[in-house]
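In structure tokens below, several structures.
You will see chain A twice below: alongside chain B first, and alongside chain C after that.
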Partner chain A sequence: MSYAVETRDLTRIFAGKKKRRRKAGEEVDESVGPVTALDNVSLKIEEGELFGMLGPNGAGKTTLIKILATLLLPTSGQALVAGHDVSKDPFPIRQVINMVSGGETSGYGLLTARENIIFGLWDKRNAKVRMLSTGQRQKMNMIRGFVTDPDILFLDEPTLGLDVNAARVIREYVTNWVRGQKGKTVLLTTHYMAEADQMCDRIAIIDKGKILACDTPENLKRMIRTETTFRLEVDAIRDLTTFSTMQGVKNFSHKDDIAKNRSFLTFILEDEGPVAEILSTITLQGKKVHSLQKSEPTLEDVFISMVGRGFE
Partner chain B sequence: MSTYWRTFKTAAWLGWEMDSNWTEPWLFVLYSVIKPVAGAFILVLMYIVFVAIGRPQGDTDAFSYMYVGNSFFIFVATVLFGTFQVIQSDREWYQTIRYIYISPISYYVYILGRAASKIAVAVFAVAITLLFGAMFLGVRLHLALADVPMFLVSTVLGLAVLLAIGICLGGISFLTAKHTHGLAEGIPGLFYVFCGVLFPLSILPSWGQAIGRAIPLTYWFEITRRLIAPTITVNTTLAGFDPLTILFFLIVSSVGFFALSVLIYKVGEYFARKAGKIDMTTSY
Partner chain C sequence: MSEAKARRSDLRYRIGLNLRAVKGRSYPRIVGANREPSWIFFEAFLPLLGIAAYVFVYQFFGGQALAAITTKTTAAPWGMCGHDPCANAAAQAAAAAAVGANTNALVASVVLGGTMVAFWLNVLWSMASQLYWEKEIGNLQLYMMAPMNRMALLGGMAVGGVVMTSMRAISTLVAGVLVFGVIFQVASPLVLLAVFFATLIALYGLGMMFASLYLLWGREAWNLSALMEEPIFFSSGFYFPLGGLLRIPGWGPAIAIAGSFIPASLGLDALRQLTLGSTAFGGNFWIFDVTTELEILVGMAVLFLILARYCLAYLETLAKREGKLTSRHQ
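Let's look at the complex of A and B:
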């Protein structure tokens, strides 16, 4: 069977380079790397699939998309898009692909947006691109991806920096585009869990260049359904070392809201046993618990369970 | 073929929009006239300085030589820089290179198309400069009707060489960001000195003359002067070659430079893809 996208032991290592940093008021050269952006990644994406790559910044998602879009050569391994090798045969691949990178405000600012007739940009069709807002430019960026009616579309963080409504419109459009036509495939990278959960047929969780898991959102969540997820909002807490060694705590992550002086803790527990100990540890530090919630596992919980930290 | 032609046309339209769409049309036309005329005044100033230094009595042949050379150097500066900076501007400024590069077109043809708009702008500037020189500065121009075909062929070949050199530099610029402006300014500067733009090859030392003879633009400037200003009697060291021989040199060097440009472009592109530099942004 031929796949829309197939990678075999795909590895990409970026050579080390010198970076100039300021240290104690002086410019100094520091050597960085080499960096393994992709580490033996093997994936198969079927035609007609909306496939998600979920991972934090620096996980290797963009590197993978760049290789598949023929912008970058792999260090080793093989990547096939529409049956063609990205290293040896890029031109036929370019006939059937397109890509959109989110968070960009790029474009020829001196041209008008006349072609931008979807996503509610019709009233801006004669406006020069430089006059558009960031969100409007990002919509235009999306339009560019669909203009060629590609068979395989790579979306790299497509809703990054968009407001809630614009992001919703784009998610709906992409989903309908894949579902409504035969043979259209989307590879979507995101670090928005809900976006991946809502849109994707299958999701690969990637971290530090390695694929940690690859399955449907339901199956991924089912993997940790035997575990229990608790979320707590507490006064800002600094000493977290106790939690990592606590018996029954499989993994946990935390985010701080400095403005509110609060910490948000997520615990993946083997059962509900450690909850009392967690609460007493917090209160013994003189911190107040503002909320405690037991919840169904999310994709973020799956990630925390696998990696031992959240995305932030 | 139709894909190449469509790519070329679209890229040329894009280049023209980028060149002309930054202001109102009337202001663009005014700018297009004033800029070359202002350039002509710089030439007059340079000539006055030369005269003050060397020949108080003046030398109309030398002025015409210098004026025609500088007028056609507008092509070098505009087309060479315009071709060379396509990759840089799409990569660093507009950040569109990744989308264009992965589209099913020839990026090489796309660069040629973008450069075509520069040629259009340069043709207008050169024509204005020459007209201004002939009308107000006493530059003696005369293009015989019989020489028009050869003039057109040599101009096309000269521009082809410029495009080829520009794409060679573009291939290099795939791999570098820091030094692009140095290359963009420095290479035309070399041509300015060694190709008989401002002064004839005969006043250069022998090694300088050898460099000049190795650059096809020298022959282009020579044949252009012979055709549009035949009364100039300046010893250029190329007097031994008739116009057809010089045209032959131009044809051979055009083909050679285009072959070289494809090679350098392909090598630059391969290494840029390998190093992940196709769409790098450095904020330079």
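Let's look at the complex of A and C:
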């Protein structure tokens, strides 16, 4: 079977750096790193697949894409794209790939959108690129990614910073592009759960350079279907230590909404048993429970179940 | 392998791809840069002022020399021809004509130098630091991911730089001729063109090589450019015939030889010989004859292009290993 992308024990370690920091009024040099961005990553992406890499910032998604796009060499292991080794034989790879990154600032500000990408953004075709909004510029970058009609397209957080409508248009376009043609493959990295869930045939969950799970969205969610997910909205809560040791709580995450003075808690429970104890712990702290909801597991719940924290 | 992929490996496709890459990379420089009308002020008018300073100094010295010749005294009834009084009216007229010719030759040297300065500044500030800026704005990773030959990328930068700077250089030349009344006498237009293009290829070959090195050095490259600007104006003889330094005992020849490693120096020397005549300044201020200089320039062009290719290939690998190919924020 030929794979569009295949990695075998791929590892990338970035050398340490010295950073100047201010401590107690004095400038001091601190050593940072080395950082293991990818840790023995092995995965296979089939031709014609829309494959997602889901993980928080710093998980290693972009590093993986840069290696596959022949822009970075692995420290060890092997990466094959269209059957060619990225380290030894990058030229044929470059003929069949393209890449678009979210928040990209490429292009020439003095040229028009038409000149930068030849077509697209028809109503803005004569506008200089520096005059385009972030969304329009990202749309231009997306079009650039498709102009060469690549067989394998790497999309690194393509909807980053886009409004809801622009993101929806891009998601639909990418999905139709893969589904409507034979042999087109997309590797999409994102930290938007819904985006990965909606678009991808298979998803790899990555954190701290390691692949934690890789399967279809349905199968990933099925992995924790035996568990129960509860979401609570409560008054802002600071003391969370009790929950981590509570019997029956497999994992939990929390997000704060400072403006509303609320906390949003997600619990992955072995069963519904600990719910009463959770509620009493919250009320004993003098906090009010505003909502309690039992829900179907999402990809975020899968991540919380595996890692013990959310993406935020 | 699909039909589309098979097509992509044939020679015709690859030649077409690289030519498109050259065109594509030169386009922003040729078209984009001229969209800012401020270039007329900064790159045509201001350099003219720089030239004017040297022209006025040379014209002042010419005027002083002419005054010494035409001022009649009892000891020198026909004026002074150098250190001695002129023998007669004919000697005085000949000395005055020689001063006029030398002043024109010096002013013409300055105008030609000012023209070539545009190319040197383009190589130093635009060409050499271009890859570094491409990296900063996020274009470099797209170029490095593209299947074209790396020399097509550098070639596109060079072609764009040459075309864009030619407009500025021509405007400086025309303004210099019109404003300062310089007279050029071109005896061998074909050789002149050959020298000009050999100089440009060698100069931009050097720029291509710098581009790779600057990619490695990052922001330090700016300091290096600033450091190289004024000393090279002097050591390359942009505003005077470089051969003049050879006649200064001690440091003069050393500076002249060091400056000759910049292709603009020998190119300018040959261009001056071809536009002013090799007998200008009494034939004493030239480094080599035109043929020798052309041969050296061709050699430099080939050498710098080869070095640029290997430098970029080496630094690309190094940058890929160290993760320095992509922009800072990614």
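The working rule: the second predicted complex is superposed on the first by the 305 of 312 C-alpha atoms of A that agree within 3 Å, B and C clash if a C-alpha of one lies under 4 Å from a C-alpha of the other, contacts with A are read in each partner's own complex, and residues count from 1 in each chain.
As a convention for this text, contacts are C-beta pairs under 8 Å (C-beta built on N, C-alpha and C of every residue); 3 or more make two chains touch, one makes a residue touch a chain.
Because the structure is a prediction, the values reported are computed rather than measured.
> With everything superposed onto chain A, say whether chain B and chain C fit together or clash.
Verdict on chain A: clash between chain B and chain C.
> Mind working out whether A:72 is in touch with chain B, chain C, both or neither, as first, second, both or neither?
Both chain B and chain C are touched by A:72.
> If you tally the residues of chain A touched by each partner, is the higher count for chain B or for chain C?
Counting contacted residues of chain A, the larger count belongs to C.
> Which partner does A:62 contact after superposing on A: first (chain B), second (chain C), both, neither?
second
> Once chain A of both complexes is superposed, is A:151 in touch with chain B (first), chain C (second), both, or neither?
In the superposition, A:151 contacts chain C only.
> Look at A:165 in the shared chain and tell me whether it touches chain B only, chain C only, both, or neither; answer first, second, both or neither.
The answer is neither, since A:165 touches no partner chain.
> Looking at the overlay, what does A:99 touch: chain B (first), chain C (second), both, or neither?
both
> Which of the two partners, first being chain B and second being chain C, lies in contact with A:183: first, second, both, or neither?
Only chain C; A:183 stays clear of chain B.
> Taking the superposition on A as described, I'd like to know which of chain B and chain C A:14 touches: first, second, both or neither.
Once the two structures are laid over each other on A, A:14 reaches both partners.
> Which residues form the common part of the chain A surface touched by chain B and by chain C?
On chain A, the residues that contact chain B in one structure and chain C in the other are 14-15, 66, 69-73, 91, 94-95, 97-99, 101, 104, 106-108, 110-111, 128, 144.
> Enumerate the contact residues on chain A facing chain C in the complex.
14-15, 62, 66, 69-73, 91-92, 94-99, 101, 103-108, 110-111, 115, 128, 144, 149, 151, 183
> Considering the complex alone, what residue numbers of chain B touch chain A?
14, 17-18, 21-22, 94-96, 98-99, 101-104, 273-276, 278-279
> Name, in rising order, each residue of chain A that touches chain B in their complex.
By the definition above, chain A touches chain B via 14-15, 66, 69-73, 91, 94-95, 97-99, 101, 104, 106-111, 128, 144, 148.
> With touch defined as at the start, can you tell me which chain C residues reach chain A in the complex?
Answer in residue numbers: 2, 4-5, 8-9, 27-28, 31-33, 35-36, 137-139, 141-142, 144-147, 317, 320-323, 325-327, 329-330.
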